[in-house]
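Beneath this line is the structure, given in structure tokens, with notes to follow.
Labels A, B, C and D are assigned to the chains in the order they are written; within every chain, residues are numbered from 1.
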Amino acid sequence: MVHTDVTPLVKDEGASSERPARSPVFTRARLLSLMPIVAMVGLAAALTVANPRFIEPRSLVALVDSAAPLAMLAAGATVVVMCGGIDLSIATLASLTSVLLALWVPTLGIGAVPAVVGVAAVAGFIQGTIHVVFRIPSFIVTLGGMTVFSAAALVISGASTIPLVDTGATDWAFTRIGGQVPSSIVITLLAITLISLVMRLTPAGRWVSAIGYSEPAARLAGLPVAAVKLTAFTLSGACAGMAGVLLVARTFSGAPALADSLLLPAVAAIVVGGTAITGGHGGVWRTVAGALIVTMLRVGLSVVGVDSAYESILYGTIIIIAVALTMDRSKVSTVK
Amino acid sequence: MLIGQVRNETNPYEAAWLDGGDAYAKQVGLTQQRLTYGGESTKQQEQIRQVLATGDAACTVLNVLPNGDSDTLPIVKAAQDAGAWVVTQWNKPGDVNVSDYDHWISHLTYNGKESGKQIAEAMFAQMGGKGNIVALQGILDTAAAKDRFAGLKEALAANPGITLLDDQTADFSRDKALAVTKTLLTKHGDKINGIWTANDDMALGALQALDAAGKTGVAVAGIDAVPEAVQAVSDGKMTATVSSDGPWQGAIGLAIGYCAATGQLDVASLSPEKRAFFAKQFLITKDNAADFLTPKADPADFDCANVFNRVVGPIQ
Amino acid sequence: MSVQSMESGTRTKGRPAHARGDLIQDFGPAVALVALVAIFAMVSPQFRTVSNLQNVLDSAAVLAVVTVGITFVLLMGSIDLSATGVMAACALSVSLLVANTRNSLDLGTAGVVLAILMGGAFGLLSGLVFVVLKVPSFMTTLGVAAIGIGVATVLFSGIQPSINDESLLGWASNRVLGFTQMTILAAICVIAGWAIQRYTRLGRYASAIGGGEEVLALSGVRVGPYKVAVFALAGCFYGLAAAMVTSQLGSGIVQAGGDYTFAAITAAVVGGTLLSGGRGGVLHSTVGVLIITVLANGLILIGVSPYVQRGVQGLIVVIAVGAAAWPLRRRMTVVK
Amino acid sequence: MSEAQIDPRIVLEVRDLSKRYPGVVALDRVSLHVKRHEVIGLAGENGAGKSTLLKALVGLVQPDSGSIEVRGTPVHVQNVADAARHGIGMVFQEQSLVPNISAAENILLGCEGRAVRAGIFRTRTLRRLAQAQLDKIGCTVDPGARTETLTFAERQMVEIAKVLGIEERTSVEPIILLDEPTSVLEPEEVEILFGQIQRLREHASVIFVSHRLDEVMRVSDRVYVLRGGQVAGEVDPSRAVPSQLHELMIGTADTGNHYHEDLQARTPPHRPRIVVDSLSGDGFHDVSIDVRQGEIVAIAGVHGSGREDLCRALFGAGQIISGEVTLDGSSLSLTSPRSAVAAGIGYVPAERKVEGMVPVLSVAQNMTLARTELVCRGPLLDHRREAQLVDAWIERLNIRTPSRNTGLGRLSGGNQQKVVLARWLLGDGLKVLLLDHPTRGLDVGAKSEVYLLMRNLANSGVAILLLADSLEEAIAMSDRVFVMNDGEVVSCVPSPPGAKPEPIEIVREMV
């Protein structure tokens, strides 16, 4: 063991002048990490004022239920974003998954679910490999993936909706546990808890943020940068696949464009949750809050009777305000 | 509570649909909640579920234009579970039976095959029974797009003098149609005598492309009878279009639902052909275009006694 | 990032690596374009025709204008997703300002100018939110896009305004030297854009900001105003593009923006304008536009199934970027 | 000070300048003055307040109290542009040039003057004006060249030219602040810089900041020594000796044992640890060197000599084309830093802030970054074990930090570097340590701690390969010095304790 007794060399006046004091940063960080919740509650309150019945349990459950697939979709992508990348392929990948699931259930039954999620994971893995090996920006790789998956979905499905012959294989994902809690919520929460536990309890979490904050430093510390990124993309793919399953479960069919429109809402959910789009700082739970906020805007507004034209104006305005509130500027050097 | 839901208010047809709904609501002394989902299947279903969870489902009437076949079932099931009355239009998977649900009163649609065929034949007539055409398809995974194209195929079979040079999709969209048509014009040049399109927006796009290319004497036909197209038809720029009468659609769904909700209509006793039927549509050509320039709805159509007046037959 | 690329510059005795990189970045896309044209020309006789050349350029016109606008934003290292919405709003306003079927206004060219200014105003909004609230451009412009769509919907109010203004309609139909006025207009925009980027302080600072924002601050340059100005400039281009679309379609539609945003970003990146900022420029992006357009046109002409066209495009984009990045993969630069 | 007040030759007068940060007094009633055409040296440890003082002079820091007078008139400097108006310009330690635009543009950045008419650039004028600035310092860099393609030294010249631009805009002679300009320069580049400073003084006053005493003594007319935010004294280099300055700087006399040569093993061990056999790669070719167990080997060489490339290649972060590397007799495949770490090789990069550490992560997380397996039970993190391990090393290396959870970015350079070093010492798997300018930007105190650490590591059997900050350092610390020139090893000079070689022998080989 190396023993290095350097104590005698210390000059304490040097020390005193060098020691930085605990600045109030900590408390501010605390406050900021709560911001997504604050924004969420605020928005809910506003909607309740517009329509008091919005706050009723039934209505809230329906809202969370709607948010579940979005949260699932965004959860995996969150990790990619924390690595400093982005995944634009999740939505079309989910659509592709829905088609495959609808096609395979007749033959594989319930086994089709792990099968399609596996396929989605592989798809994510391939994108990750291209990104890491060929050094192509993730934005481009996944943009390509986006188009390729959507094309694949169209071809495989013959550009038509594929009804789920027997919904038996997916009912578990679209029932109400104890007649109250939609299972999709439970499934989503389980998946997200799992991810966040791994991020918290294993080194994975700090590896991800190290890579996101400063990739060169992470690489020169001998971190498995490539492996971590690959895992992130694979996870993102798997989550997209799982989201696809949830959508099939509630739509009773798979369609080549089923989830395509969820891309921007998903990204919005990630950023509104307070995860830095530049990487490093963030977390999957934040994304859950983000997903709820986005869903309130997507569905809540029109339901409480906002005219569709003004709906999208409000959507745009509120989403900007929400991000302005939730982002932790101390964690991002220059805003791009 | 009356609710009309369409894709978006940014196209004349669906805007007219919602206005028709408003008119009917006024007629019965209620107001219609206008919902639009911007063509997002997920958003449409979420909206429906949210509305039913937030509002008083039992006395809610939904007049819905499902985004695609795949969306009909979840919507209906949601309504069924919540006990709301629902009428769907245009999109329904063939293997789903309306009569299996007691709150899904009716599904009405138009014989896309028929309309596709009608406009095709009108075109062929103008072309004198011979020549070459190209076809612009709609969003490929919608029943409307498929049926209408099938109708064209039928007409082609009946008219050996006509050959289909090429078919591309332009997603029902005007600017896509413009770009695709331009390319097709270079690909086939002057060989093209007619352009068959699955809806008017694409037809109008095609017209623009023809103008830009300075081509005249090419027959163009579409479906939906959007005002601009009707105008074009009456000006003779377009050969034909087919009207499904948007305002009527917007009203009739609510009317049927309202009658059921108020007990004036006993859903159980409705004949199968009233549960799922083709509604009457009107072929618009130069001769009758003038009548359709200002679409008007007749309140009498929506008395519970008359709501099924435009049934032309069951969906086969 | 900037510091680090400088380091790798000195460390690998910079010049060769950089020179090689620049060469590929500057001429790779052009070569790719030539190759594509050659291939299509060989496979498809229709492609070879003069009328098709005109057709390609005509259909490239709008995308070119949008891309010129977006390029300036990308040069700063920011991103702009607002084109779709801004174009929608401008398309409606221009069709309501010139002679049309909805109202009695007939401002002619003034109307077009107003629409362009409106685009600028939207850009201004994006810029201000981005600079003042420090919201990442990704989200800012996403929100502004929604706002634009909303404004467009309000203006649309159910009835399609068709335009009767001959001069505006003429853009799409009247031909000069075999090209539509629109194409000429686009060409002018490209040249103007190039001049702005090359010779004006705004353009120079845009890429300087992309290269090292904090440095400009240290040099006593107030960066904020320039950032806002760049977004406003981009907005103006979108406004013009919207007018062009309207002229093509003969009436103002909310879908005028279509998917120009992603198309433009893709084009810019394919052309060698990096998302990380500071590299590439208007000419690069324009080459990218031509690549994209030639692809779309050629794929139809050689009869690729409509289903797979987008997929093939996506793949080719990834391959193009990958080929350009391949020789540089050894350099220890961060790829996100 | 009173006579200074009436002295017309005084261009800059600082009186009782104070600035305190939470918990730190950065400047404590600092007073000093600069005369026309004078080169003032500013010496002091990191954290002594040198940088803060300069930042206050260019408006990057607003002092709490005190006054700044430029040519007899009190000024309140708001920002860099403001400072420029008063004729004060600064060459920043971490360079402030935009990499992707031309040198000319950088030189005139923000003050294009006649080069821009109505927002339009006039390229030819731009070049001409830039060239004029470059000529002033006789710099041969092509103003059209894109900045990132220039070497570090070249870029520094460009930056000086940029600062000189001030004198064009303000009809007065500029006051130029050079913040640690030599910290990353190679010996021969330092010479060029000093040449520049001599030219500068002909039409400017200069404040030169460095913690390399020898340099300060050489170039300055007068030297102010700062300690703990106060002026510890003013020295006339022509009469003072380094040890005096040293004493002023750190409060105690220089023990003369800066490099702890007493700890250098009398008889260097013979078991080779790492053997590099005719290795060729990107930037170096046919290099054969070896480092024995417990030996410190320095590689001397100028920029572009390929020593950095070699060092990175040995850590798997560079390209290896041919040749072989064996560690303790077994051959290595250095495909990635990971493989190197697995083999027991550690690397401390020169660009600490960019490559060495993740500033936002905590001290603990940075320290355990490379060896997380040590603080895991099974796959799971064991925070208690981590706390013990990290605290032990904070103690052992005497790292001054509020807590192990403090963001590493908030510590001083010396402590940051110690954390980066600790990263490789965790566990006992370390066999070879590659140090790329390990003391760059550290103050005397921190340096000597790092040196001691290196000695102890060596004596415990670790083989150390050192790319030294200065030739002096290389010779003092190492048992042998390899000299690289243009990618090849040109000679190996033994450097045993007591019989150290003269720097000149090595410089001859380097250039």
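Points worth noting:
Everything that follows uses one rule, which is that a contact is a pair of C-beta atoms (placed from the backbone, for glycine too) under 8 Å apart; a residue touches a chain by one contact, two chains touch by 3 or more.
As the structure is a computational prediction, the values presented were derived from the model and not from experiment.
Counted as hops between touching chains, the shortest connection from subunit B to subunit C is 1. Taking the definition of touch as given, a chain qualifies here only if it contacts subunit B and subunit D alike; those chains are A, C.
Comparing chain pairs A-D and C-D by the number of C-beta pairs in contact, the larger count belongs to A-D. Note: the chain lying farthest from subunit A is D, by mean C-alpha position.
One simple way to say how far apart two chains are is to compare their mean CA positions; for subunit A and subunit D this gives 42 Å. One inter-chain figure worth recording: subunit C and subunit D are separated by 43 Å, centre to centre, where each centre is the mean of the chain's CA atoms.
For the pair subunit A and subunit B, the distance between mean C-alpha positions equals 37 Å. Computed from the mean C-alpha positions, the centre of subunit A lies at a distance of 29 Å from the centre of subunit C.
The multi-chain contact residues of subunit D, meaning those touching 2 or more other chains, are 317, 354-355.
Counting partner chains per residue, subunit B has residues 8-9, 140 touching two or more of them. Looking at subunit A, one finds that residues 154, 159, 216, 219, 308-309, 311-312 touch two or more other chains.
Pairs of chains meeting the touch criterion: A-B, A-C, A-D, B-C, C-D.
Of all residues in subunit A, those touching subunit B in their complex are 51, 53-54, 56, 58-59, 61-63, 65-66, 69, 154, 157, 159-161, 163, 247, 250-259, 261-262, 295, 298-300, 302-305, 307-309, 311-312.
Those residues of subunit D lying in contact with subunit A across their complex are 21-25, 45-48, 227-229, 250-252, 315, 317, 337-338, 340-342, 347, 349, 354-361, 365, 369-370, 372, 376, 379-381, 396-398, 400-402, 406, 410-412, 414-415, 423, 425, 428, 430, 443, 445, 448-449, 452-453, 456-457, 460, 462. Touching subunit B in their complex are the following residues of subunit C: 46, 49, 51-52, 55, 58-59, 152-153, 156-160, 162, 172-173, 180, 245, 248-251, 253-256, 258, 296-297, 300-301, 306-307. Residues of subunit A touching subunit C in their complex: 84-86, 130-131, 133-141, 143-148, 150-152, 154-155, 159, 215-216, 219, 264, 267-268, 271-272, 277-279, 308-317, 319-320, 323-324, 327, 329, 334-336.
The touching residues of subunit C, counted against subunit D in their complex, run 2-7, 9-15, 18-19, 198-202, 204, 207-208, 210-212, 214-221, 278-279, 330, 332.
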